[in-house]
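In the two complexes below, chain A is the common chain; its partner is chain B in one and chain C in the other.
== the complex of A and B ==
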């Protein structure tokens, strides 16, 4: 029985073996489970962008792209299985869209010489390229996010928030715990009082946390949530009539799927934005022409123009731009994962690049260097309008507080380097 | 014709009571061991190790552990995930506190720590039975996960609350960390599985195993014929947790390398291991292997067939996995309530009579 299974599996792997000479982008997606509502739009956007490149430009630098999708269900073990099953196919860069899986992949991918791009998630201290050679988290990190949210609150209060009470509702995992250290440091600096409220996976049960918020009446509530937890939290906040404009989510808690279930109750809810929401971009004309109308759209085709679909496009765009850079540096179109890493480290995104790609005034301009893998550290704040069912951006780019974050990154990455005997690069 | 006792004479008592009384079985067993130890390490690659063989071996140890408690001693436990977490965190604390000590010893010590915790949570079993005990062990599951999330000492105050396995070697070869070769991690786990399986087999057919089964079959009768329920139940909890702890330690140190307690050792892990022993066969060591293989290999197999061979969308395949595995579980429970091990037993009976079944 076992031998039979083995032969079958082996022959199956052979049959699906790689047709070399294409650029492979593994997509560790989750279209099932408690996080599917957020996983689907991202996966669709990511896939559609590469389809667009193939259909419109014939790939990148003349080499067709191939997206290798693997379902993880946001589960670490399945993520490991997906990584192992796809890495042999020449996978260029991993974007697992899960902080837990990112933590798994950081040492594994580094050992296998494959880059990981955890865009706005994962391990924040990976922004220190001196220690984390293969991990990138541009355009901004969680700690930037925490600082941007506090800066926004500072702006609202004329620069003084001492004595204010701020509560953090977080997913009780490595993801949700990331901002706590930064928020504690910032509370020392600005004198606010921080309360942390953990929500266990998957996050459907939050009655007690919101009861506590109702009792303690914090001035502001920050949220690090994902999947079904977002929807429940926003609904609970509406139920206790918490003033929505004082409720700010990270960029992973700010998509249409998160606010729509709460209906009018979600009106005024704020979330950070890595890039601008909405669908008024020239790229959508191309997508319409080459992808949707040609019947090549990924998934059910009902996610376009949403925040997370845009983010999927953005992630794919950054991967494609890094690929172009890598092709330029390597002098060959058919690059290896190691060359892709070099390309990512030399990536420069300007306003003009974004405009040229059909996404003008979308994301921030930033530059990746050997030391700095974290990008610009810029973010905006967007607010939900429940009657129009749209997100509107209410601030300009807000800069995070580097004087607090940089020492934290150095401290955490130094601890990682000491633990794993990593010598610093870029010297 | 080949599969029978006839002609195979036992001349000593140990020969008479050996695990595989039939010559054919015995040679098959030696062959499997030789294949696992001498052939697979040379042909294994990262994918086979990390996606199939390591989880299979590690879950087997957990299933053997739970089988001792539930299958042999009749105490239903839903705390397996929590006890695995104890093993993982004990291993982590030991690895970081005493880096000079061999990882092999750490894993065994982690099993020992889990045994102590298991006895502690086994105490209620002296007063409560059946479903009520299941609920008590469920409390252990939630309490332990909460504890490892809540007390920063357990994860050495790391910012993310994750634990990461540092690199450790056995005979100069890396077995933990990302650079560890596939064959080394595989052999390390295989050694533990082999030892655990032989140990469990011999425990369950000795005095202690008989007292467990007496308790399982009817505890009042067992007490009357002189089985001490205190020692029988607590030893079952201790030994079961010892195995489960070893599997948790391996799961963390060898297989995953980085663990977050709420995600990896949650209630679903407890159910998964429970399903393994139900499908494999309660009260059978072979059943633990079969159940673990069934629930580890089948999803991967379905994924390979669905996504790579047939080219279906990944979400459809993921949904089909649930449907097919769920249907198979129900089918097994209806057609063969004693699990895969019983199917194996029936096959052996038939083989013995073949080719003259009358």
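== the complex of A and C ==
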């Protein structure tokens, strides 16, 4: 009997052992509620990538990965609850997928010594690693996005947009308001006239804003929208016959979900891209073989190759690469969240890295340093072809205007540091 | 004519059209409240469910396909046929009638004579259940709804107003269609409640459940009928709003647009829902046009409630609501 009990105990310990050593990646997802249509493809892509690593490579550095999903419904309070309930599981890095949740997690995660990766969203000034030690927003920030859009407009106008009218239609939230200051500063530099038009959550009714656009006839309209706001805005733009090639959304307003409901009316609409769209990459062969054919996909497989699925995949890839770097720095495969932070801060992504991972010519090459958590600040412009129902990249990588953005980042992060009594690091 | 005045006229017209769309949602609330004294929190989700069912039927989508695939390891999503819009609308209506029966059979029947707050809480539960059920049944991706309704600038109005004012007004064709449908719907509903046996029975139930029962009116039948009609109104609202934004889960939030309309028009009046909708629509659009730029815009959501509250100060029962005096 004693032998049996001992055998049972050892077996239980062995079974529990690998689970304790898992590399845990919490995913604050939203598969329900008003923003579910966008939350699902991102969550599927994020989860599928880690499943692929487990199935194909046996995890990272021989340690299996585990995605710890928690439903937020895109609700900030629920997001914080998810953080509190999962942080004790050895969570290595948080991916909140919400600017509101990111703002709440910045002080909490910093105090808990857990890194946050707000990829292309969140608080832009967190790009200053001297102040925000645990927050990373590579490969590009909202302010980069605003500048990339203006640079694209500059390119279209031979470098001169003085006197042009540019309107910003934005989600009336922390997220939507992020680019305003940058666009104001850029308007001083380039001499364009900026009009801002707020749209309240969820954004189903935008008649007032688009009537104003029709009256004032701006040359270009930029959009910082999310969820139903995007679909309604694109439909309203088509209704008032605004030239769609002059309508440019941020990368969160540039998925298939945003343009399909407007049908042919969306043809020519542009959006910024953090990475290339489409599914013509070798990684998809592996995903099919190791994940979907094996019946281990996070979803039904119908989200594969969409813009937001690709973004989830990309976010997971960056987390995995940072994990490899952390393992290398720490000299152990079983890393802690603090070591993961060190890995993120030393992350180097090259074109060779991306090609080796099955995503050649997908995202930009960039390097993270102690001072710079924001990545390359590069983005492309993609355009929607309604008849083919595909996005096509129409520019090369466009660099944001550091001469305008860096002072803004320094100013905002300095204010945050003073307010929270944070001493600058990286000296 | 001053330019600002011309713009204000355009805004007013668009406000009227938006008000009709709000009223379409409010009508569903009014019907159920009128007949049973229940504030149906699930009305917005019913619009979502109806619109999702309509698109699902039109596209030949297999209901619960995600669940079926997960359990049986299959890969089915569609039947491979496409159902014409009109047939799909009829079939969706049949589903809404079945939903009405299920609500009555499994929820409301067990709550007869309960406090209104309990019935209200039951509809909150129903809303969450129905949202999850819709997700399970049809999936949560955004669906394109095309039942052949015209959309976009009405060229005729644009040209006529341009000839008169030197500025062409923008009126959305979809809003014009919604106005015509809402007008027909109100006429039909008023005629139904005034001139048919079932309509009179519905009003009798609304006045007094016990008295209605005592003269042989079937409470169960009336409630199924009322929830079915509310389901039909939800389907119409779902089509109109779904055509604008695609059919997706945020469609259930259109209920928020109906609340100030109900506060203003009264919970028991069908014409009140229309008039309330028009006042809210015009009020919020004009306020946003005149005052919005001074306060940073995005005034519509909150101003609608402010406007409703102002009316309530002077007329607590709403413009067309019944004044209820309870003696102790």
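FYI, the second predicted complex is superposed on the first by the 408 of 427 C-alpha atoms of A that agree within 3 Å, B and C clash if a C-alpha of one lies under 4 Å from a C-alpha of the other, contacts with A are read in each partner's own complex, and residues count from 1 in each chain.
In this section, a contact is a pair of C-beta atoms (placed from the backbone, for glycine too) under 8 Å apart; a residue touches a chain by one contact, two chains touch by 3 or more.
Being a predicted model, the structure only gives us computed values, none of them experimental.
With chain A as the common reference for superposition, the partners chain B and chain C occupy clashing space.
When the two complexes are overlaid on their common chain A, residue A:31 makes contact with chain B and with chain C alike.
When the two complexes are overlaid on their common chain A, residue A:88 makes contact with chain B while staying clear of chain C. By the touch criterion stated above, A:295 is placed in contact with chain C alone, chain B being left untouched.
With both structures placed on the common chain, the touch criterion links A:111 to chain B but leaves chain C unconnected.
In the superposed model, A:181 lies in contact with chain B only, and not with chain C. After overlaying the two complexes on the shared chain, residue contacts for A:196 are found with chain C alone; chain B is out of touch. When both complexes are overlaid on chain A, the residue A:172 reaches chain B and chain C alike. By the touch criterion defined above, A:21 lies against neither chain B nor chain C after alignment on the C-alpha atoms of chain A. Legend: residue contacts after superposition of the two complexes on their common chain; A:205 is shown touching chain C, with no touch to chain B.
Of 63-71, 117-125 or 153-161, the segment of chain C running into chain B after the two structures are fitted on chain A is 117-125. Residues common to the contacts of chain A with chain B and with chain C across the two structures: 31-32, 36, 40, 172, 198, 200-201.
Residues 2, 5, 8-9, 12-13, 15-16, 29, 31-32, 36, 40, 69-71, 73, 75-77, 80-81, 84-85, 87-88, 100, 103-104, 107-108, 110-112, 123, 172-174, 177-178, 180-181, 198, 200-201, 299, 412, 415, 419-421 of chain A are the ones touching chain B in the complex.
Contacts from chain A toward chain C in the complex involve residues 31-37, 40, 172, 196-202, 204-205, 207-209, 211-212, 214-215, 227-228, 231-232, 235, 238-241, 257, 260-261, 263, 265, 295, 300, 302. For chain B in complex with chain A, the residues that touch the partner chain are 46-47, 50-51, 55, 149, 158-162, 164, 166-167, 177-179, 255-258, 260, 262-264, 266, 293, 297, 300-301, 303-305, 307-309, 313-315, 317-319. Interface of chain C with chain A (complex): residues 7, 10-11, 14, 18, 65-66, 69, 73, 77, 131-132, 135, 140-142, 144-146, 151-153, 170, 172, 241, 244-246, 248-254, 257, 285, 288-289, 292, 296-298, 300-301.
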